[in-house]
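Below you'll find the structure, written out as C-alpha coordinates, and then a few comments.
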Amino acid sequence: MAQPYFHTVRYYETDKMGITHHSNYLRFMEEARLDFLEQIGYGYQKMESEGLSSPVVAVHIDYKRPTTFNDKICIEVHLQEVTAARLVIGYTMLLDQETVCTAISTHCFVDGNGRPVSLKRTNAQLYELLLSLTESQK
Amino acid sequence: MAQPYFHTVRYYETDKMGITHHSNYLRFMEEARLDFLEQIGYGYQKMESEGLSSPVVAVHIDYKRPTTFNDKICIEVHLQEVTAARLVIGYTMLLDQETVCTAISTHCFVDGNGRPVSLKRTNAQLYELLLSLTESQK
Amino acid sequence: MAQPYFHTVRYYETDKMGITHHSNYLRFMEEARLDFLEQIGYGYQKMESEGLSSPVVAVHIDYKRPTTFNDKICIEVHLQEVTAARLVIGYTMLLDQETVCTAISTHCFVDGNGRPVSLKRTNAQLYELLLSLTESQK
Amino acid sequence: MAQPYFHTVRYYETDKMGITHHSNYLRFMEEARLDFLEQIGYGYQKMESEGLSSPVVAVHIDYKRPTTFNDKICIEVHLQEVTAARLVIGYTMLLDQETVCTAISTHCFVDGNGRPVSLKRTNAQLYELLLSLTESQK
(Lines give C-alpha, C1' and ligand atoms only; values in the text may rest on other atoms or scores of the structure.)
Protein backbone atom coordinates (compact mmCIF):
# COMPACT_ATOMS: atom_id res chain seq x y z
CA MET A 1 0.00 0.00 0.00
CA ALA A 2 1.54 3.28 -1.11
CA GLN A 3 2.07 6.15 1.31
CA PRO A 4 0.08 9.33 0.64
CA TYR A 5 1.93 12.27 -0.90
CA PHE A 6 2.04 15.68 0.76
CA HIS A 7 2.16 19.04 -1.01
CA THR A 8 2.58 22.21 1.03
CA VAL A 9 1.03 25.14 -0.85
CA ARG A 10 3.62 27.72 -1.97
CA TYR A 11 3.02 31.44 -1.79
CA TYR A 12 3.27 31.72 -5.59
CA GLU A 13 0.53 29.11 -5.98
CA THR A 14 -2.06 31.45 -4.46
CA ASP A 15 -4.02 34.00 -6.48
CA LYS A 16 -5.60 37.36 -5.74
CA MET A 17 -8.65 35.65 -4.25
CA GLY A 18 -6.21 34.59 -1.50
CA ILE A 19 -6.55 30.88 -2.29
CA THR A 20 -4.60 28.23 -4.18
CA HIS A 21 -5.22 28.83 -7.89
CA HIS A 22 -7.34 25.95 -9.18
CA SER A 23 -4.91 25.10 -12.00
CA ASN A 24 -2.28 24.03 -9.49
CA TYR A 25 -4.21 20.96 -8.36
CA LEU A 26 -3.46 19.44 -11.77
CA ARG A 27 0.21 19.88 -10.91
CA PHE A 28 -0.23 18.37 -7.46
CA MET A 29 -1.85 15.35 -9.15
CA GLU A 30 1.25 14.91 -11.32
CA GLU A 31 3.55 15.18 -8.29
CA ALA A 32 1.52 12.59 -6.38
CA ARG A 33 1.29 10.25 -9.40
CA LEU A 34 5.05 10.32 -10.05
CA ASP A 35 5.67 9.71 -6.34
CA PHE A 36 3.24 6.77 -6.40
CA LEU A 37 4.98 5.22 -9.43
CA GLU A 38 8.33 5.70 -7.67
CA GLN A 39 6.97 3.94 -4.58
CA ILE A 40 5.82 0.89 -6.55
CA GLY A 41 9.22 0.66 -8.25
CA TYR A 42 8.31 2.32 -11.55
CA GLY A 43 9.72 5.79 -11.18
CA TYR A 44 10.10 8.17 -14.06
CA GLN A 45 13.71 7.20 -14.75
CA LYS A 46 12.89 3.51 -14.97
CA MET A 47 9.91 4.18 -17.27
CA GLU A 48 12.04 6.45 -19.45
CA SER A 49 14.92 3.94 -19.61
CA GLU A 50 12.41 1.36 -20.90
CA GLY A 51 11.24 3.82 -23.56
CA LEU A 52 7.75 3.95 -22.12
CA SER A 53 5.65 6.94 -21.17
CA SER A 54 2.03 7.43 -20.23
CA PRO A 55 0.75 10.86 -21.33
CA VAL A 56 -2.38 12.32 -19.79
CA VAL A 57 -5.35 11.99 -22.17
CA ALA A 58 -8.08 13.27 -19.85
CA VAL A 59 -8.49 14.82 -16.42
CA HIS A 60 -11.45 15.52 -14.21
CA ILE A 61 -11.32 17.53 -10.98
CA ASP A 62 -14.11 18.23 -8.46
CA TYR A 63 -13.17 21.07 -6.15
CA LYS A 64 -14.74 20.77 -2.69
CA ARG A 65 -13.09 23.44 -0.56
CA PRO A 66 -10.28 25.95 -1.10
CA THR A 67 -6.78 25.80 0.38
CA THR A 68 -4.20 28.54 0.81
CA PHE A 69 -0.53 29.30 1.47
CA ASN A 70 1.21 26.85 3.81
CA ASP A 71 -1.64 24.31 3.83
CA LYS A 72 -0.18 20.81 3.79
CA ILE A 73 -2.43 18.84 1.46
CA CYS A 74 -2.49 15.05 1.82
CA ILE A 75 -2.94 13.36 -1.56
CA GLU A 76 -4.01 9.73 -1.77
CA VAL A 77 -3.52 7.99 -5.11
CA HIS A 78 -5.50 4.91 -6.10
CA LEU A 79 -5.41 2.91 -9.30
CA GLN A 80 -8.92 2.71 -10.65
CA GLU A 81 -8.42 0.75 -13.86
CA VAL A 82 -5.67 -0.65 -16.02
CA THR A 83 -6.06 -2.22 -19.47
CA ALA A 84 -3.54 -2.88 -22.24
CA ALA A 85 -4.32 0.56 -23.65
CA ARG A 86 -5.04 2.81 -20.70
CA LEU A 87 -4.62 3.60 -17.04
CA VAL A 88 -7.12 5.43 -14.85
CA ILE A 89 -5.86 6.98 -11.61
CA GLY A 90 -7.97 8.48 -8.82
CA TYR A 91 -6.87 11.14 -6.34
CA THR A 92 -8.32 12.27 -3.03
CA MET A 93 -6.85 15.44 -1.54
CA LEU A 94 -7.41 16.10 2.15
CA LEU A 95 -6.70 18.92 4.59
CA ASP A 96 -7.33 18.25 8.27
CA GLN A 97 -9.40 15.21 7.33
CA GLU A 98 -11.69 17.28 5.10
CA THR A 99 -11.81 16.64 1.38
CA VAL A 100 -10.22 19.43 -0.66
CA CYS A 101 -10.85 17.82 -4.02
CA THR A 102 -11.25 14.51 -5.80
CA ALA A 103 -9.84 13.93 -9.24
CA ILE A 104 -9.20 11.40 -11.98
CA SER A 105 -6.53 11.27 -14.67
CA THR A 106 -6.63 8.92 -17.66
CA HIS A 107 -3.45 7.92 -19.44
CA CYS A 108 -2.49 6.01 -22.56
CA PHE A 109 0.84 4.24 -23.17
CA VAL A 110 3.28 5.33 -25.86
CA ASP A 111 6.77 4.27 -26.90
CA GLY A 112 9.81 6.48 -27.38
CA ASN A 113 8.44 7.67 -30.73
CA GLY A 114 5.08 8.62 -29.29
CA ARG A 115 3.23 5.68 -30.87
CA PRO A 116 0.49 4.00 -28.79
CA VAL A 117 1.53 0.62 -27.47
CA SER A 118 -0.14 -2.22 -25.57
CA LEU A 119 1.23 -2.16 -22.02
CA LYS A 120 0.42 -5.86 -21.74
CA ARG A 121 2.71 -6.67 -24.65
CA THR A 122 5.51 -4.13 -24.16
CA ASN A 123 5.81 -4.40 -20.39
CA ALA A 124 3.90 -7.37 -19.00
CA GLN A 125 5.60 -6.97 -15.62
CA LEU A 126 4.34 -3.42 -15.10
CA TYR A 127 0.93 -4.38 -16.47
CA GLU A 128 0.60 -7.24 -13.97
CA LEU A 129 1.84 -5.03 -11.13
CA LEU A 130 -0.67 -2.28 -11.89
CA LEU A 131 -3.42 -4.86 -12.32
CA SER A 132 -2.67 -6.45 -8.94
CA LEU A 133 -2.60 -3.03 -7.25
CA THR A 134 -5.91 -2.15 -8.85
CA GLU A 135 -7.56 -5.34 -7.74
CA SER A 136 -6.15 -5.24 -4.24
CA GLN A 137 -7.87 -1.92 -3.71
CA LYS A 138 -11.35 -3.15 -4.60
CA MET B 1 -21.54 35.87 -31.05
CA ALA B 2 -18.25 36.15 -29.16
CA GLN B 3 -14.93 36.11 -30.98
CA PRO B 4 -12.61 33.19 -30.24
CA TYR B 5 -9.66 33.81 -27.92
CA PHE B 6 -6.08 33.13 -29.00
CA HIS B 7 -3.26 31.95 -26.75
CA THR B 8 0.25 31.70 -28.16
CA VAL B 9 2.20 29.07 -26.21
CA ARG B 10 5.10 30.55 -24.20
CA TYR B 11 8.48 28.89 -23.95
CA TYR B 12 8.03 28.46 -20.18
CA GLU B 13 4.76 26.62 -20.76
CA THR B 14 6.56 23.70 -22.41
CA ASP B 15 8.02 20.77 -20.46
CA LYS B 16 10.91 18.38 -20.99
CA MET B 17 8.78 16.25 -23.32
CA GLY B 18 9.00 19.28 -25.64
CA ILE B 19 5.25 19.98 -25.51
CA THR B 20 2.91 22.33 -23.68
CA HIS B 21 2.54 21.00 -20.13
CA HIS B 22 -1.01 19.68 -19.73
CA SER B 23 -1.72 21.80 -16.65
CA ASN B 24 -1.50 24.98 -18.70
CA TYR B 25 -4.69 24.27 -20.65
CA LEU B 26 -6.62 24.91 -17.44
CA ARG B 27 -5.02 28.37 -17.45
CA PHE B 28 -5.85 28.94 -21.11
CA MET B 29 -9.48 28.08 -20.26
CA GLU B 30 -9.49 30.80 -17.60
CA GLU B 31 -8.00 33.34 -20.00
CA ALA B 32 -10.60 32.50 -22.67
CA ARG B 33 -13.47 32.55 -20.15
CA LEU B 34 -12.52 35.96 -18.74
CA ASP B 35 -12.16 37.29 -22.29
CA PHE B 36 -15.60 35.89 -23.19
CA LEU B 37 -17.21 37.54 -20.14
CA GLU B 38 -15.49 40.81 -21.09
CA GLN B 39 -16.89 40.54 -24.61
CA ILE B 40 -20.47 40.08 -23.40
CA GLY B 41 -20.11 43.09 -21.11
CA TYR B 42 -19.47 41.25 -17.83
CA GLY B 43 -15.74 41.57 -17.40
CA TYR B 44 -13.98 40.77 -14.17
CA GLN B 45 -14.06 44.36 -12.90
CA LYS B 46 -17.80 44.67 -13.41
CA MET B 47 -18.43 41.33 -11.69
CA GLU B 48 -16.18 42.30 -8.80
CA SER B 49 -17.78 45.75 -8.42
CA GLU B 50 -21.13 43.97 -8.09
CA GLY B 51 -19.69 41.71 -5.40
CA LEU B 52 -20.22 38.61 -7.49
CA SER B 53 -17.77 35.87 -8.37
CA SER B 54 -18.10 32.45 -9.96
CA PRO B 55 -15.47 30.04 -8.63
CA VAL B 56 -14.64 26.87 -10.54
CA VAL B 57 -16.23 23.82 -8.91
CA ALA B 58 -15.30 21.22 -11.51
CA VAL B 59 -13.26 20.87 -14.68
CA HIS B 60 -12.96 18.21 -17.32
CA ILE B 61 -10.36 18.21 -20.10
CA ASP B 62 -9.95 15.77 -23.01
CA TYR B 63 -6.54 16.13 -24.61
CA LYS B 64 -6.55 15.27 -28.33
CA ARG B 65 -3.16 16.33 -29.64
CA PRO B 66 -0.14 18.14 -28.17
CA THR B 67 0.96 21.70 -28.91
CA THR B 68 4.31 23.36 -28.37
CA PHE B 69 6.17 26.68 -28.15
CA ASN B 70 4.81 29.42 -30.42
CA ASP B 71 1.66 27.51 -31.42
CA LYS B 72 -1.24 29.94 -31.62
CA ILE B 73 -4.18 28.07 -30.12
CA CYS B 74 -7.69 29.22 -31.05
CA ILE B 75 -10.10 28.79 -28.13
CA GLU B 76 -13.85 28.86 -28.70
CA VAL B 77 -16.01 29.35 -25.63
CA HIS B 78 -19.66 28.27 -25.56
CA LEU B 79 -22.17 28.47 -22.73
CA GLN B 80 -23.59 25.04 -22.18
CA GLU B 81 -25.96 25.62 -19.27
CA VAL B 82 -26.95 28.30 -16.82
CA THR B 83 -29.24 27.89 -13.79
CA ALA B 84 -29.73 30.04 -10.69
CA ALA B 85 -26.99 28.05 -8.98
CA ARG B 86 -24.47 27.14 -11.63
CA LEU B 87 -22.88 27.84 -14.97
CA VAL B 88 -21.39 25.26 -17.33
CA ILE B 89 -18.94 26.47 -19.98
CA GLY B 90 -17.52 24.46 -22.88
CA TYR B 91 -14.22 25.05 -24.65
CA THR B 92 -12.87 23.84 -27.98
CA MET B 93 -9.19 24.48 -28.64
CA LEU B 94 -7.97 24.31 -32.22
CA LEU B 95 -4.62 24.50 -33.99
CA ASP B 96 -4.67 24.66 -37.78
CA GLN B 97 -8.30 23.49 -37.76
CA GLU B 98 -7.40 20.38 -35.78
CA THR B 99 -8.81 19.89 -32.29
CA VAL B 100 -6.17 20.23 -29.58
CA CYS B 101 -8.54 19.62 -26.68
CA THR B 102 -12.13 19.98 -25.56
CA ALA B 103 -13.00 20.98 -22.03
CA ILE B 104 -15.76 21.94 -19.64
CA SER B 105 -15.70 24.08 -16.51
CA THR B 106 -18.55 24.24 -14.00
CA HIS B 107 -18.99 27.28 -11.77
CA CYS B 108 -21.16 28.28 -8.83
CA PHE B 109 -22.02 31.86 -7.85
CA VAL B 110 -20.88 33.42 -4.57
CA ASP B 111 -21.16 36.87 -3.01
CA GLY B 112 -18.34 38.99 -1.58
CA ASN B 113 -18.28 36.83 1.54
CA GLY B 114 -17.98 33.59 -0.38
CA ARG B 115 -21.57 32.52 0.32
CA PRO B 116 -23.46 30.76 -2.50
CA VAL B 117 -26.10 32.97 -4.08
CA SER B 118 -28.84 32.54 -6.67
CA LEU B 119 -27.68 34.35 -9.82
CA LYS B 120 -31.33 34.74 -10.82
CA ARG B 121 -32.08 36.72 -7.68
CA THR B 122 -28.83 38.65 -7.18
CA ASN B 123 -28.22 39.58 -10.81
CA ALA B 124 -31.27 38.89 -12.98
CA GLN B 125 -29.75 40.88 -15.84
CA LEU B 126 -26.64 38.69 -16.07
CA TYR B 127 -28.75 35.58 -15.59
CA GLU B 128 -31.01 36.52 -18.51
CA LEU B 129 -28.04 37.43 -20.67
CA LEU B 130 -26.28 34.11 -20.03
CA LEU B 131 -29.55 32.25 -20.57
CA SER B 132 -30.14 33.95 -23.91
CA LEU B 133 -26.58 33.23 -25.02
CA THR B 134 -26.98 29.61 -24.02
CA GLU B 135 -30.21 29.23 -25.89
CA SER B 136 -29.02 31.04 -28.97
CA GLN B 137 -26.27 28.46 -29.36
CA LYS B 138 -28.56 25.44 -29.40
CA MET C 1 13.78 49.83 -34.33
CA ALA C 2 11.83 47.00 -32.71
CA GLN C 3 8.26 47.47 -31.50
CA PRO C 4 7.65 47.12 -27.76
CA TYR C 5 6.05 43.90 -26.53
CA PHE C 6 2.85 43.87 -24.51
CA HIS C 7 1.92 41.40 -21.79
CA THR C 8 -1.53 41.55 -20.23
CA VAL C 9 -1.37 40.14 -16.69
CA ARG C 10 -3.35 36.89 -16.28
CA TYR C 11 -5.47 36.14 -13.26
CA TYR C 12 -3.27 33.16 -12.40
CA GLU C 13 -0.19 35.42 -12.39
CA THR C 14 -1.46 37.29 -9.32
CA ASP C 15 -0.81 36.16 -5.74
CA LYS C 16 -2.62 36.53 -2.44
CA MET C 17 -1.21 40.02 -2.00
CA GLY C 18 -3.45 40.89 -4.97
CA ILE C 19 -0.55 41.78 -7.25
CA THR C 20 1.45 40.12 -10.02
CA HIS C 21 3.80 37.62 -8.37
CA HIS C 22 7.35 38.95 -8.77
CA SER C 23 8.64 35.72 -10.38
CA ASN C 24 6.45 36.30 -13.43
CA TYR C 25 8.45 39.32 -14.60
CA LEU C 26 11.27 36.92 -15.46
CA ARG C 27 8.81 35.16 -17.74
CA PHE C 28 7.64 38.43 -19.29
CA MET C 29 11.31 39.20 -20.04
CA GLU C 30 11.61 35.92 -21.92
CA GLU C 31 8.44 36.61 -23.90
CA ALA C 32 9.66 40.09 -24.83
CA ARG C 33 13.17 38.84 -25.72
CA LEU C 34 11.89 36.08 -28.01
CA ASP C 35 9.53 38.57 -29.65
CA PHE C 36 12.41 40.99 -30.16
CA LEU C 37 14.58 38.29 -31.77
CA GLU C 38 11.64 37.35 -34.01
CA GLN C 39 11.29 41.00 -35.06
CA ILE C 40 14.94 41.31 -36.05
CA GLY C 41 14.69 38.11 -38.09
CA TYR C 42 16.27 35.71 -35.60
CA GLY C 43 13.27 33.95 -34.11
CA TYR C 44 13.56 30.83 -32.00
CA GLN C 45 12.99 28.48 -34.94
CA LYS C 46 15.75 30.07 -37.01
CA MET C 47 18.17 29.98 -34.07
CA GLU C 48 17.29 26.35 -33.37
CA SER C 49 17.65 25.34 -37.03
CA GLU C 50 21.15 26.80 -36.94
CA GLY C 51 21.94 24.78 -33.81
CA LEU C 52 22.47 27.89 -31.74
CA SER C 53 20.96 28.83 -28.41
CA SER C 54 21.65 31.53 -25.86
CA PRO C 55 20.88 30.37 -22.32
CA VAL C 56 20.39 32.88 -19.54
CA VAL C 57 23.47 33.09 -17.31
CA ALA C 58 22.37 35.98 -15.09
CA VAL C 59 19.36 38.19 -14.44
CA HIS C 60 18.80 41.33 -12.48
CA ILE C 61 15.41 42.90 -11.81
CA ASP C 62 14.56 46.15 -10.03
CA TYR C 63 10.90 46.30 -9.08
CA LYS C 64 9.51 49.86 -9.04
CA ARG C 65 5.75 49.49 -8.65
CA PRO C 66 3.32 46.56 -8.59
CA THR C 67 0.88 45.54 -11.34
CA THR C 68 -2.21 43.37 -11.15
CA PHE C 69 -4.73 41.36 -13.16
CA ASN C 70 -5.55 42.80 -16.58
CA ASP C 71 -2.77 45.41 -16.54
CA LYS C 72 -1.28 45.69 -20.02
CA ILE C 73 2.46 46.04 -19.44
CA CYS C 74 4.55 47.61 -22.20
CA ILE C 75 8.00 46.01 -22.40
CA GLU C 76 10.82 47.73 -24.26
CA VAL C 77 13.84 45.60 -25.12
CA HIS C 78 17.24 47.13 -25.82
CA LEU C 79 20.54 45.46 -26.61
CA GLN C 80 23.12 46.67 -24.14
CA GLU C 81 26.17 44.72 -25.20
CA VAL C 82 27.24 41.95 -27.53
CA THR C 83 30.62 40.23 -27.66
CA ALA C 84 31.73 36.93 -29.18
CA ALA C 85 30.92 35.23 -25.90
CA ARG C 86 27.94 37.03 -24.45
CA LEU C 87 24.85 39.15 -24.95
CA VAL C 88 23.42 41.64 -22.45
CA ILE C 89 19.79 42.69 -22.89
CA GLY C 90 17.98 45.46 -21.01
CA TYR C 91 14.24 45.71 -20.36
CA THR C 92 12.03 48.59 -19.32
CA MET C 93 8.46 47.71 -18.32
CA LEU C 94 5.88 50.49 -18.28
CA LEU C 95 2.25 50.84 -17.25
CA ASP C 96 0.51 54.10 -18.13
CA GLN C 97 3.91 55.71 -18.74
CA GLU C 98 5.12 54.81 -15.24
CA THR C 99 8.02 52.42 -14.82
CA VAL C 100 6.97 49.04 -13.41
CA CYS C 101 10.44 47.54 -13.44
CA THR C 102 13.79 47.61 -15.17
CA ALA C 103 15.77 44.46 -15.78
CA ILE C 104 18.81 42.96 -17.42
CA SER C 105 19.49 39.45 -18.69
CA THR C 106 22.91 38.15 -19.65
CA HIS C 107 23.29 35.27 -22.10
CA CYS C 108 26.08 33.08 -23.42
CA PHE C 109 26.07 31.23 -26.76
CA VAL C 110 26.08 27.42 -26.98
CA ASP C 111 25.86 24.92 -29.84
CA GLY C 112 23.47 21.98 -30.14
CA ASN C 113 25.56 20.00 -27.65
CA GLY C 114 25.51 22.75 -25.05
CA ARG C 115 29.15 23.72 -25.62
CA PRO C 116 30.03 27.42 -25.44
CA VAL C 117 30.76 28.91 -28.87
CA SER C 118 31.98 32.23 -30.22
CA LEU C 119 29.00 33.95 -31.86
CA LYS C 120 31.42 35.89 -34.02
CA ARG C 121 32.81 32.69 -35.52
CA THR C 122 29.69 30.48 -35.64
CA ASN C 123 27.24 33.10 -36.83
CA ALA C 124 28.99 36.27 -38.01
CA GLN C 125 25.77 37.53 -39.58
CA LEU C 126 23.84 37.48 -36.31
CA TYR C 127 26.85 38.90 -34.46
CA GLU C 128 27.07 41.86 -36.85
CA LEU C 129 23.31 42.41 -36.70
CA LEU C 130 23.28 42.46 -32.89
CA LEU C 131 26.34 44.69 -32.84
CA SER C 132 24.75 47.20 -35.22
CA LEU C 133 21.53 47.23 -33.17
CA THR C 134 23.53 47.79 -30.00
CA GLU C 135 25.50 50.63 -31.44
CA SER C 136 22.50 52.29 -33.09
CA GLN C 137 20.91 52.65 -29.67
CA LYS C 138 23.77 54.52 -28.09
CA MET D 1 22.08 28.47 12.45
CA ALA D 2 19.19 27.74 10.11
CA GLN D 3 18.91 24.42 8.28
CA PRO D 4 19.17 24.54 4.48
CA TYR D 5 15.96 24.19 2.49
CA PHE D 6 15.47 21.49 -0.12
CA HIS D 7 13.46 21.78 -3.31
CA THR D 8 12.98 18.74 -5.51
CA VAL D 9 12.42 19.85 -9.11
CA ARG D 10 8.92 19.05 -10.40
CA TYR D 11 8.25 17.74 -13.88
CA TYR D 12 6.22 20.85 -14.71
CA GLU D 13 9.17 23.05 -13.75
CA THR D 14 11.22 21.75 -16.69
CA ASP D 15 11.06 23.25 -20.18
CA LYS D 16 11.59 21.92 -23.70
CA MET D 17 15.36 22.26 -23.32
CA GLY D 18 14.96 19.44 -20.77
CA ILE D 19 16.11 21.56 -17.83
CA THR D 20 14.53 23.52 -14.98
CA HIS D 21 13.15 26.75 -16.48
CA HIS D 22 15.29 29.61 -15.16
CA SER D 23 12.28 31.56 -13.85
CA ASN D 24 11.60 28.87 -11.25
CA TYR D 25 14.74 29.65 -9.24
CA LEU D 26 13.09 32.91 -8.21
CA ARG D 27 10.28 30.78 -6.77
CA PHE D 28 12.72 28.45 -5.01
CA MET D 29 14.31 31.55 -3.42
CA GLU D 30 10.91 32.55 -2.04
CA GLU D 31 10.30 29.06 -0.66
CA ALA D 32 13.71 29.01 1.02
CA ARG D 33 13.30 32.55 2.40
CA LEU D 34 9.89 31.83 3.94
CA ASP D 35 11.26 28.62 5.42
CA PHE D 36 14.22 30.51 6.87
CA LEU D 37 11.95 33.13 8.46
CA GLU D 38 9.81 30.31 9.89
CA GLN D 39 12.93 28.71 11.38
CA ILE D 40 14.01 31.91 13.13
CA GLY D 41 10.51 32.33 14.56
CA TYR D 42 9.20 34.92 12.11
CA GLY D 43 7.03 32.86 9.79
CA TYR D 44 4.61 34.40 7.34
CA GLN D 45 1.64 34.14 9.72
CA LYS D 46 3.45 35.95 12.52
CA MET D 47 4.64 38.69 10.15
CA GLU D 48 1.14 39.07 8.74
CA SER D 49 -0.48 39.15 12.19
CA GLU D 50 1.88 42.02 13.05
CA GLY D 51 0.83 43.85 9.88
CA LEU D 52 4.32 43.72 8.45
CA SER D 53 5.47 42.52 5.08
CA SER D 54 8.72 42.73 3.17
CA PRO D 55 8.14 42.90 -0.59
CA VAL D 56 10.93 42.08 -3.00
CA VAL D 57 12.42 45.25 -4.51
CA ALA D 58 15.29 43.69 -6.43
CA VAL D 59 16.67 40.29 -7.34
CA HIS D 60 19.88 39.10 -8.88
CA ILE D 61 20.57 35.53 -9.98
CA ASP D 62 23.77 34.00 -11.38
CA TYR D 63 23.10 30.66 -13.02
CA LYS D 64 26.08 28.28 -12.82
CA ARG D 65 24.79 24.91 -14.02
CA PRO D 66 21.37 23.53 -15.01
CA THR D 67 19.20 21.14 -13.01
CA THR D 68 16.36 18.93 -14.15
CA PHE D 69 13.38 16.85 -13.02
CA ASN D 70 13.82 15.12 -9.67
CA ASP D 71 17.03 16.95 -8.76
CA LYS D 72 16.98 17.74 -5.05
CA ILE D 73 18.43 21.24 -4.78
CA CYS D 74 19.92 22.31 -1.44
CA ILE D 75 19.32 26.01 -0.79
CA GLU D 76 21.31 27.86 1.85
CA VAL D 77 19.97 31.22 2.96
CA HIS D 78 22.19 33.84 4.57
CA LEU D 79 21.35 37.32 5.76
CA GLN D 80 23.69 39.74 4.09
CA GLU D 81 22.49 43.07 5.43
CA VAL D 82 19.71 44.56 7.49
CA THR D 83 18.98 48.24 8.05
CA ALA D 84 15.87 50.05 9.25
CA ALA D 85 14.73 50.30 5.64
CA ARG D 86 15.89 47.17 3.92
CA LEU D 87 16.94 43.56 4.09
CA VAL D 88 19.40 41.82 1.77
CA ILE D 89 19.31 38.03 1.59
CA GLY D 90 21.81 35.77 -0.17
CA TYR D 91 21.14 32.28 -1.53
CA THR D 92 23.46 29.48 -2.56
CA MET D 93 21.88 26.55 -4.38
CA LEU D 94 23.79 23.28 -4.54
CA LEU D 95 23.34 19.91 -6.22
CA ASP D 96 25.76 17.16 -5.25
CA GLN D 97 28.08 19.77 -3.72
CA GLU D 98 28.26 21.70 -6.99
CA THR D 99 26.90 25.23 -7.15
CA VAL D 100 23.72 25.49 -9.23
CA CYS D 101 23.24 29.20 -8.72
CA THR D 102 23.87 32.06 -6.35
CA ALA D 103 21.33 34.79 -5.84
CA ILE D 104 20.40 37.87 -3.85
CA SER D 105 17.03 39.37 -3.02
CA THR D 106 16.55 42.84 -1.58
CA HIS D 107 13.44 43.70 0.43
CA CYS D 108 11.87 46.78 1.93
CA PHE D 109 9.45 46.83 4.87
CA VAL D 110 5.84 47.98 4.54
CA ASP D 111 2.84 48.10 6.86
CA GLY D 112 -0.63 46.71 6.21
CA ASN D 113 -1.42 49.65 3.94
CA GLY D 114 1.68 49.16 1.84
CA ARG D 115 3.48 52.20 3.28
CA PRO D 116 7.23 51.92 3.86
CA VAL D 117 8.13 51.64 7.53
CA SER D 118 11.30 51.56 9.58
CA LEU D 119 11.78 48.00 10.82
CA LYS D 120 13.82 49.34 13.72
CA ARG D 121 10.88 51.42 14.95
CA THR D 122 7.94 49.13 14.10
CA ASN D 123 9.48 45.84 15.16
CA ALA D 124 12.69 46.33 17.13
CA GLN D 125 12.70 42.69 18.19
CA LEU D 126 12.78 41.38 14.61
CA TYR D 127 15.31 44.07 13.65
CA GLU D 128 17.66 43.01 16.46
CA LEU D 129 17.19 39.35 15.62
CA LEU D 130 18.01 39.87 11.95
CA LEU D 131 20.94 42.08 12.86
CA SER D 132 22.38 39.46 15.20
CA LEU D 133 21.95 36.74 12.59
CA THR D 134 23.67 38.92 10.02
CA GLU D 135 26.58 39.66 12.27
CA SER D 136 26.98 36.10 13.47
CA GLN D 137 27.56 35.01 9.91
CA LYS D 138 30.42 37.38 9.25
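Chains here go by letter, A, B, C and D, matching the order in which they are written, and residues are numbered from 1 within each.
In this text, a contact is a pair of C-beta atoms (placed from the backbone, for glycine too) under 8 Å apart; a residue touches a chain by one contact, two chains touch by 3 or more.
Given the structure is predicted, the values throughout are model-derived calculations rather than measurements.
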Same-residue or different-residue interface between chain B and chain C, half as cut-off: same
Cα-centroid distance, chain B relative to chain D, in whole angstrom: 36
Chain centre separation in whole Å, for chain C relative to chain B (CA means): 30
Chain C and chain D, separation of their C-alpha mean positions in angstrom: 25
Residues within chain B bordering two or more other chains: 11-12, 17, 23, 27, 30, 69
Chain-level touch network, classified as line, ring, star, complete or other: complete
Chain A-facing residues of chain B, complex: 17, 22-24, 26-27, 30, 53, 55-63, 66
List of chain A residues in touch with chain C within their complex: 11-12, 14-19, 21, 23, 68-69
List of chain D residues in touch with chain A within their complex: 10-12, 27, 30-31, 34, 44-45, 69-70
